[in-house]
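These are the structures in question, set out in turn.
Shared between the two complexes below is chain A, which pairs with chain B and chain C, respectively.
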Partner chain A sequence: MSDQSSGLSKAQEIYSNRSRRARELKAEGRKLIGYPCVYVPVEMLTALDLIPYRACGDIREPVTEADRALPGSFCAVMRSCLDCALKGKNDFLDGMVAIHSSDPQEKTARVWESYTDHPYFHFIDMPVTVRPEAVEYFTSQLDDFRKTLEAFAGRELSADRLKQAIDYHNRQRGLVRQLYDLTKTSPPAISGTEILQVVKAVMGLPVAEGNDLLTEVIGEARDRTDRPEKKPARLLLWGSTLDDADVMQVFEAKANVVLDDSCGGVRAYRADVKLTGNPLVDLARYYLNEITCARTFRQASPGETSKEYTKDLQSRFGYLDDIIREWNINGAIMLLVRYCDPFAFEMPALKDYFESLGLPSTYIEYDYTTGALAPLRTRVEAFLETIA
Partner chain B sequence: MTAQDKEKRAINRLESMRPLRAKVNETYLKSVEAIQSGKPAVWGMLNFYYGDPILKAMDIEVVYPENYGAIAAAMGVAQQYLDRADAEGFPTHLCGYSLTTLGYASRMMKELGGEIPPEAPLGGMPKPLFLMSSAAICDARYKWFQALGRYMDAPVWTLEAPTPGVKEFFMEGYYDAMVTLGVKHLRDFVAFVETMVGRKMDWDRLDRITNLMIEVNRVWHEVNELRKVKPCPMHSRDFWSAMPAALFLAGDLEDSLRLYQDMYREVKARVDSGIGAVPEEKYRLVFAELPPWHSLAFFDKLAERGWSFVVESFGYRPPIPIDPDVMAVSDPLERITRFSLQFFAGYYEDARQQKVLGGAFAYPYLKYAREWKCDGAMLHPLISCRSASTHLPYVADMLMEKLKVPSLSIEGDIVDLRLFNTEDALARAEPFEETMDHYRMVRQQEGLDW
Partner chain C sequence: MYFAGIDVGSTMTKAVLTNEGGELLSAVKGPTGPEHRRLANEVMRGALEQAGLQIDDISYIVATGYGRVNVPFADRQVTELSCHARGVFSLFPGVKTAIDIGGQDVKCMKINGGRLIGFVMNDKCAAGTGRFLEATAATLGIRLEDMGDIASKATKRVQISNLCTIFAQQEVVALLSRGEPLENIVAGLHIALASRVAALAQRLVIEPDLALTGGVAMNTGMVRAMRESLGRDVLVPEEPLLTGALGAAIIANEAYREAAEDGTLPTGTRRLEEATFFAEEDL
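Coming up: the complex of A and B.
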């Protein structure tokens, strides 16, 4: 990266070549641990001076190596992610942490662990409900994660250090929310594409460095005179993974994406970890309860013995109501990366929810390749015409 | 020659399978009659023993939409439900059974006001009292029941199902945490069921049912162990026919236990007499994942070529009884949990030693190929069932890399029956025999003992 770069240009440079900064850190003697999903509690890595590095796929890279172990009708993101790993694109990583946040994550973890030789690999099991016994079990899983991490790092993960790391990551969550606050204006002070680049850059940096970068970007965006062009549509994107600026630009060609509720966007930053005592319990509660991914089974009240559809929708999607009003959103795109079952099952229900709010929406899927961009563009333009 | 004679010659079916299968069928029909006469029913997912003994102890009729999806497909009525699910906005690449159920529920609730659709085969599925989903195996199996909330107000209970990592499973305290989750979760599930049906659990009955479930599966496991012998005394067709009584706890468990014991005696007698299920066993194969239910005669054609399917899909086999203390556990909920955990964990010690970190999804097939002395694997990836397909390339890779056992992949589907082409599959069998012959030599060269 150039010495003079800062703020947005620096974020864009890191986004464009994430592994370069990772290799620099590695050369400085730092250890990097990869993780493929935002459910991995990165605070625990930070607390042991390990750098959490979000391992991503690449829509420009044809999947070849992953074919050895994963079929074509499999989560396209995880196939691409594994493919990049098997091609050595993440060869600077000292280890990997995988989590059972979905069936493809779990299946890919097994293959990843078998086919690579990272010095460290840990698999965290994750319950699907938010019931008390599920939180207790997830806490025990995080405690096991702590033990293997301590053995790898050669030092103890104290509660104080973990609380300090949680503070750092909470600050990062707050900064990302501030970034999204900048899209509340019309025109937004920062584009959806720029935010995506910043967030993806931050997901490969030590937390303090990421926070500095976010602070720079926020300051720059607040003061900038060259704001993104105001477009007629202010869109909410909802989906599993959106981590490529070219895909985001398809949406932003004729609209402003003011909120990206995906795991490449605000999802991992929407709430803070609340420190109440045992930080592992607090992390377990946060990751199970607060990250609003379709993989978690939510109900109006856990164990309910009667059911009402509107209350059910509210428990699963109610958080979007405030977002839609605060960001003055006038259209929603439910974006599915093909073969992502947890999100695919949500589509009709979420459409019902959007309809209940009077918000036009459409469901679009793509296969996480550059070949998908042209048809994606056609679908987006058709939707934008309907809400114009 | 009648078709029956031909089948008799191709595969020597077990006599003891017939009364067991008849019992399963009779149980299903009784269940349909009970439901039609107004007895409440629950829709359940295959839950690997966590929930079924509890519902059985509470005398609740359970219908399994996964199985019903297969029936609807075989009877030719699934397509209208698939079309309807598509029109409702569900992506077409979702699990075929789930789409069938969603389309069915939409038709029943939105079009017929809750009445069973007249075209529904075998009595149909009535509106359930509640839904029991399961987190085991795949995401679809709990998201699908959640999605049914769009059509019916039946509450959903999602059964947790821990899925340990292979290395991690052996950490101190790991197993105990899984047991704690299971016991607490099932205790709350019992309370939920009691509220839903308005009566209390008969704990003595649950105790008896749990013990019978464990014993039925132990005997069933022993039957399958006998199939390691050459020639294999029991073919996969008998496995598939007999499996529901142990996996779904179909029917009276005391009857089932007696019938599995009869089966054990028959299979043992065959072993002692050197009688094989395929008269001239030339090739021994492992079958991976759901069979083509609608084309099971395919196995007979292969048997005519000397192919014997000696072991099959881990997801439908009884757990390996690795926990000798399970019967001594006083709390039936803990007994259920520990029994069920064996479903995965039964393979983990070997998997760790063999460094096959695919755990329960890939390692079992290596175990089967090695211990059942398989010459090849037939993999049956199913287009719209990812849980039964996604691990198969990995399985094939591991089988070849570790054991020099080749795989033949024949595509099919769980609802689109056109995808399985019997003639095409048979055409690929002959060249695969040459492959199996070749790798027999390779294994010998590498010091493997079959």
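Coming up: the complex of A and C.
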């Protein structure tokens, strides 16, 4: 890890100063478009040579500016994200694309649009079910997005270029999955903290550059002799947003986080976009069906949910069963950023599901600030003591 | 052989010494200041003096509480949740649920045979904690320790609608200016806090026996209010502040035995004095 030219140290460097690389790219004449959520189809940006840049909050930055526009009892991630934007931390962005993944994100996006002066802004509406009508509606929304994007880029988004971009991003998804394959061993070949840093770095790079970085990290981690220390527990993290290495280290002080099912972890990479014909429809289908975030409602089959709770649970959380077995997980933490209602509503059902699998779990809510770290540590350690 | 538990809480630091048989030899409480380590040190020295022991006589020390990482002479750190569970169980062997209301945390714990098996804590803010009473007592100009007695004289209970500590202070000021008798306001504050804690505890399945610990349990008014809000009996230890440190001492005893079996006993001499010196950059 001390080797400065290694993929991991490169990723850590980009992670700790993401905007530096973004500004370099900007200086080279590239255009960067921000997006605050993994539901934005980044392929459409890549296809037009625009660099998708995941705009994040910062737990170290006390929220001040965003308080002018948003209430305190509001999604802590969005508040922080907007605060950073209003303080000019993302001033290298040429535009912003937000999506209705949750109500707070929509409100934040509208404030963002009014209070910043990026040349481009687009908001995508998104249904909250996975029914065929929803795919149809979402496709039309993506088509609207295509039109404003083409106008901004001054060129057409051809189906071929889009397919090519999908291919690049699918490759990225495969590489992130390979990264997580490295945690299946005990001890893991790569720590949860390192993965978080790599993934967050990649979310600010052009896709090809991100893929090169991932390839380098995977090769290096596979052969490394200085593996992370083996800890008594192998944890699954499930939750809304976890995008800070210091928060992850609170978990990893006394456990190995072998899978992070949050939107800073594997969520955006678990499946590939399947090309079947019209790439816009394929994208709509992928983002609605394949990203498993609490904001989307999944019925076992329409009209049946209230009758068969276990079937409903299986339909919503069945993918976690495979993960738990494949990664040999012995504890799960449901981690919520404060005031994240969609995940809070999902939690009781997921708790039941974990219980049905015999997996110990706990629910922890944390504030998106560094002040949250000490209370978080007590809760995590207490949970680990219950499963020791 | 002797064992020690030290609980560095947000408001108070507590130290307990026991012998091999788990018998309590001494217990000392002192305020926690900004310098955890120095005060932990003094409280521990007090406990040793009371028991007529030296630091080298102690075979194993467990530190707990939110300042547990700041105790340099401890052999092991264990969270206050596990320590409370163990401590309460040693006092009430039938305990299945415990609620500890401290200075900045409320912990509701499920206990099975002395082991912590589940818990919930206050996540949003300090509204359901001892800080709520501390802050409102200050606004009312009364001593925290007198609150329970004052509440017992109430003729009716005033509704306190704000659970936010700061807004509750404002509400108290408004009630005072309306001429509401002090004892009725204080009784209302107790019920407000108790119902908040009860709502949190009910996120767990509460099973009897139920015990109430922590500094707030020393307030008889709160014990009454908790019984009422939960609609069930509540056991309260004689020294509700000490259960964390007591549990830590019991865990120290067990940890020592395990370490002796594994051959991983702590080596070297313990230096209680070490912590009294702070380098400038440490402060």
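Rule of thumb we're sticking to: the second predicted complex is superposed on the first by the 378 of 388 C-alpha atoms of A that agree within 3 Å, B and C clash if a C-alpha of one lies under 4 Å from a C-alpha of the other, contacts with A are read in each partner's own complex, and residues count from 1 in each chain.
Throughout what follows, a residue touches a chain if its C-beta (ideal position, glycine included) is under 8 Å from a C-beta of that chain, and two chains touch if they have at least 3 such contacts.
Keep in mind it's a predicted model, so treat the numbers as computed, not measured.
Novice: More chain A residues touched by chain B or by chain C?
Specialist: B
Novice: Just to be sure I read the superposition right, which of the two partners does A:R60 touch: chain B = first, chain C = second, or both, or neither?
Specialist: neither
Novice: Mind working out whether A:D125 is in touch with chain B, chain C, both or neither, as first, second, both or neither?
Specialist: A:D125: touches chain B, not chain C.
Novice: Please work out whether A:A374 is in contact with chain B alone, chain C alone, both, or neither, and reply first, second, both or neither.
Specialist: Touch partner of A:A374: chain C, not chain B.
Novice: Is A:E365 touching anything from chain B or chain C once the two structures are fitted on A? First, second, both or neither.
Specialist: Both chain B and chain C are touched by A:E365.
Novice: Report for A:R222: first if it touches chain B alone, second if chain C alone, otherwise both or neither.
Specialist: It touches nothing on chain B or chain C.
Novice: Between chain B and chain C, whom does A:F297 touch in the aligned arrangement: first, second, both, or neither?
Specialist: first
Novice: Applying the document's definition of touch, where does A:M347 land relative to chain B and chain C: first, second, both, or neither?
Specialist: first
Novice: According to the stated criteria, A:A382 is in contact with first (chain B), second (chain C), both, or neither; which is it?
Specialist: The second partner, chain C, only.
Novice: I'd like to check the shared interface: which positions of chain A are touched by both chain B and chain C across the two complexes?
Specialist: Touching chain B in the first complex and chain C in the second, residues 338, 363, 365 of chain A appear in both lists.
Novice: Which stretch or stretches of chain A touch chain C in the complex?
Specialist: 338, 362-366, 374-375, 378-379, 381-383, 385-386
Novice: Spell out the part of chain C that touches chain A in their complex, as residue ranges.
Specialist: That would be residues 66, 78-82, 105, 115-121, 123-124 of chain C.
Novice: Can you tell me which positions in chain B touch chain A when the two form their complex?
Specialist: Per the stated touch rule, the residues are 88-91, 93-95, 98, 130, 135, 137-140, 142-144, 146-147, 149-150, 153-158, 160, 162-168, 171, 173-174, 177-178, 180-181, 184-185, 188, 191-192, 195-196, 355-359, 361-362, 381, 383, 386-387, 389-394, 397-398.
Novice: Given the complex with chain B, which residues does chain A contribute to the contact?
Specialist: Touching chain B from chain A are residues 67-71, 73-74, 100, 102-104, 106-107, 109-111, 113-114, 121-125, 127-129, 131-134, 136-137, 140-141, 144, 147-148, 294-295, 297, 299, 303-309, 312, 336, 338-339, 341-342, 344-349, 351-352, 363, 365.
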